[in-house]
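Here it is: the structure, laid out below.
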Amino acid sequence: MKKIINNPEEVVQDMLKGLIAAHPNSLKQIPNTTVIVRKGAPVPNKVGIVSGGGSGHEPAHAGYLGEGMLDAAVCGEMFTSPTPDQVFEAIKAVDSGSGVFLVIKNYTGDVMNFEMAAELAEAEGISVEKVVVNDDVAVEDSSFTTGRRGIAGTVFVHKIAGAKAAAGGSLQEVKDVAEKVVANVRSMGMALTPCTVPAAGKPSFTLDEDEMEIGIGIHGEPGIERKKLTSADEVAEELTQKVLDDIKFNSGDEVAVMINGMGSTPEMELYILNGKVQEILHERGLTIHKTFVGEYMTSLEMAGCSVTLLKLDKETKQLLDSDSNAPAFHS
Amino acid sequence: MKKIINNPEEVVQDMLKGLIAAHPNSLKQIPNTTVIVRKGAPVPNKVGIVSGGGSGHEPAHAGYLGEGMLDAAVCGEMFTSPTPDQVFEAIKAVDSGSGVFLVIKNYTGDVMNFEMAAELAEAEGISVEKVVVNDDVAVEDSSFTTGRRGIAGTVFVHKIAGAKAAAGGSLQEVKDVAEKVVANVRSMGMALTPCTVPAAGKPSFTLDEDEMEIGIGIHGEPGIERKKLTSADEVAEELTQKVLDDIKFNSGDEVAVMINGMGSTPEMELYILNGKVQEILHERGLTIHKTFVGEYMTSLEMAGCSVTLLKLDKETKQLLDSDSNAPAFHS
Amino acid sequence: MELQVEQIVTWMEKTNEKIQDNKEYLTSLDQAIGDGDHGINMARGFKEVVQKVSGSDYESASDILKDVAMTLMGKVGGAAGPLYGTAFLKLSASVKGKKSIDCGSFVTGLEEALAGMKQRGKSEQGEKTLIDTWAPVTEEMKKAEDFDASLLFETAKTAMEKTKDIKATKGRAAYLGERSIGHLDPGSVSSYYLFTSLAETIRGGE
Amino acid sequence: MELQVEQIVTWMEKTNEKIQDNKEYLTSLDQAIGDGDHGINMARGFKEVVQKVSGSDYESASDILKDVAMTLMGKVGGAAGPLYGTAFLKLSASVKGKKSIDCGSFVTGLEEALAGMKQRGKSEQGEKTLIDTWAPVTEEMKKAEDFDASLLFETAKTAMEKTKDIKATKGRAAYLGERSIGHLDPGSVSSYYLFTSLAETIRGGE
């Protein structure tokens, strides 16, 4: 494990210190918590938007703090859902009286901790609504199991829910549009290398020099299938096809595309992949409204990528396009 | 070598295809070249700003195309300076009649190729000026040698020269402010791992699990010293001190800070490093005007970072802060 | 016998010891079918629990159990945090006001803890989670007349080991489907440490 | 003898062959003290040169040399591109209009090529660059009465090998300072291929 860190047990605290030091005018940390709130929150009459989860996915989630996006990010330990008390602090910090909306990725831990925080908040009279993002088509969706995971598509939910709230949407309206995004966003990822949690000291799986892992999550979990490494074009085919197979896309549908790097994959490779993804989508008759290529939801220094498609309608398109000054949301 | 690519010899062409596909509304490629120009260029009455160099430093240079920053980026082969004809095409594409300014990193190849292009342009009656960025304090500055390299500090030159041009500065004024930035910007980098040029297939140096290389460039070149890997705090001390030693900083001076990731270092680690860098600068009595943490000038999938300091005055501060819609320039 | 406050302290200390000693092991189990943080999370949580309860003066068993619950809830995170937190919260509530806990009350507490975890985790027995250790332990203890260390040891061990054969349908291991078979459930192993520590505590107090 | 257009084609073909065969070797030399692209750059450039000049009809030696120059300039990139490009451009200009080149004219051309490269690269002999191969070759050829293959072989080889002992003060290797000693200069090795290919061409035409 080669990392630029101090104490492996304190990476999250050290990171937050450096984060606040870098953005003293726009961000603040709630004392004695790992909650980062954007200055100016709570915004009067605006629904507060809170997201978060384990750390190690940077720029998620603190990079999405800003006007028109998130108001608070709850930063858990490495790949570990934050605890209810932390989420509760975040909720209190951003509630203007108009209620607070939680964007949760579908992991048992995140769902439980955020739900418990919502219960605590409601007990104190704060209205809370939530959405659980489950865009990862690598995992079977079934009511008998944990269901699909939330991965890079979550960033679209942050943006669109955040824009709706900024536009004056009510808690229910924010929830409605967030659910619409969740219903229309799908992702699929792959890895060339695993990643190492500092305190664990070794990677969670190993891959040979000629192997790749398809269907990985964003926590260094092994994927669903191990394969011989193929060309970028074949990777694009495989990931895009899986996504296209999952929800009905009709010729002429407008989509937003995200080509997300898992951490150590150079932007060059992401663009190479994008070239083929766009070709496939064009062949399929889809209209590409906007493309995002970069690192949006990472898994430490994992090498790999994910492809996300969001089917747009008039409302979500306009909200996706609306201004935001969140530093990590750019295309 | 594990990479998401097709033909290793065609990575630059494939990348540019994906880049244009991602940004069809803001960027265009000059046919049969590797020159990317922002739409709208040449901007009437504005000095055109051209930069570029070898590929493999993404988001540099095409990510800095945008209002208030670059007008054209010339993308050479992997880590290889683009040829004079390509640079010449870029110059012609962005000249509005107000002249064109070249931002060159100080490498023999870049300097020669850009100079030859400037000669070609001048022969056709286009006014061309240039600045050669040499911020890397790892390398001795001497008139008998090649001199210091240009690394991450180049991005500040792009921004400030670009802002000056956008504000209506003349070619000479753009040159003057660019030279002021060059005189006041210094960087120092380190690596934990090397990187692999696709067509070479193997890395340019190797490091043991407990080693780091200090003073690396951005082309996978070996650095100036090999050491045992230390803590983030010690790395921060070493890099920052080297930078501080190189030009005179007085207590009260205002600076911009860039903590640049070399490619595969997670943002988490960059923020951890930043925490200590800021501490050192505060102790030194410097006022930190703005901090940039992220990947600005990479070296493929190299793990490592660089620390850049730019001493500001009223003019450069205001130009640094002015708006730009270049996607990769955000803090 | 009845569990006294001091014995609950001992129980927590022993659990902490086992978890610290097996932090890497738990993490490696979670690396195989999860995300590799279970050892780190549990070690962080139980270290805090022991710091909180060791040497403190508690009036009642329910008070100390509530502090254990709140500490786990606030320090473990992930899936295990709210589950263990819920378990101890339910256990505490079930023995509310009691200075010490007899076996019957403890079993009632376990039943409520189990129900609470199932509800929180939306899970049932047989899904390769810590429920698969808690459920058999609760059931067997219900049949016993008093705290029985050997019974606890055996039941917890067998239950924990059985999770190896289960195909996961809840928690992160569920993502692996069939590939989860053949691996122990990390949460069941940490629960096994909890129950064997209880057994050792009982044995010490017999 | 005089160099004819066909011989210049042969010269380029032989050079290309050597460069393609030693692409990895050149790259590894550049990895040691540079950025590891010299083999890739030269191979890309000379492949194009051969595509351009093989089979084409050239009226004069100066025309083909100009095409070689423009191709190298436009395809090699890096430091080597403008340097080799400049060299061939100067060589071409120096023999302007000549159908073939006698030894004296060739030497004059080499002198101008060398001066052009020095000016373009702001470099002198002794800085561990391809100048350290071109300078001795030019000097020795100046002393000879006619094209002399053996002389070329020897001089180029000795000069190229000597770059190992030089501390670099120009090009990327200069960043390594003392650490550059003990490594061959990649540009000198590619220049060595160029001159030995010339020698072989001459030998074929003797």
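We call the chains A, B, C and D, going by the order they appear; numbering starts again at 1 in every chain.
Assume a contact is a pair of C-beta atoms (placed from the backbone, for glycine too) under 8 Å apart; a residue touches a chain by one contact, two chains touch by 3 or more.
Computed from a prediction, not measured in an experiment: that's the story for all the values here.
A separation of 54 Å divides the Cα centre of subunit B from that of subunit C.
With centres taken as mean Cα positions, subunit D sits 76 Å from subunit C. In terms of their C-alpha centroids, the spacing between subunit A and subunit B amounts to 29 Å. Residue positions of subunit C touching 2 or more other chains: there are none.
None of the residues of subunit B touches two or more other chains. Taken as a contact graph, with one node per protein chain and an edge wherever two chains touch, the assembly forms an open path, each chain linked only to its neighbours along a line.
If you check each pair of chains against the touch rule, the ones that pass are A-B, A-C, B-D. On the side of subunit B, the complex with subunit D involves touching residues 54, 76-85, 107-109, 112-113, 116, 138-140, 144-146, 149, 197, 199-200, 202, 204-205, 217, 219-222, 224. By the touch criterion stated above, subunit D contacts subunit B in their complex at residues 27, 31, 33-37, 40-41, 44, 73-83, 120-121, 169-172, 174-177, 179. Those residues of subunit A lying in contact with subunit B across their complex are 2-6, 11, 14-19, 21-23, 55-56, 58-59, 63, 192-193, 209, 212, 229, 231-233, 235, 259, 263-276, 278-279, 291-293, 295, 298, 300-301, 303-305, 327-328, 330-331.
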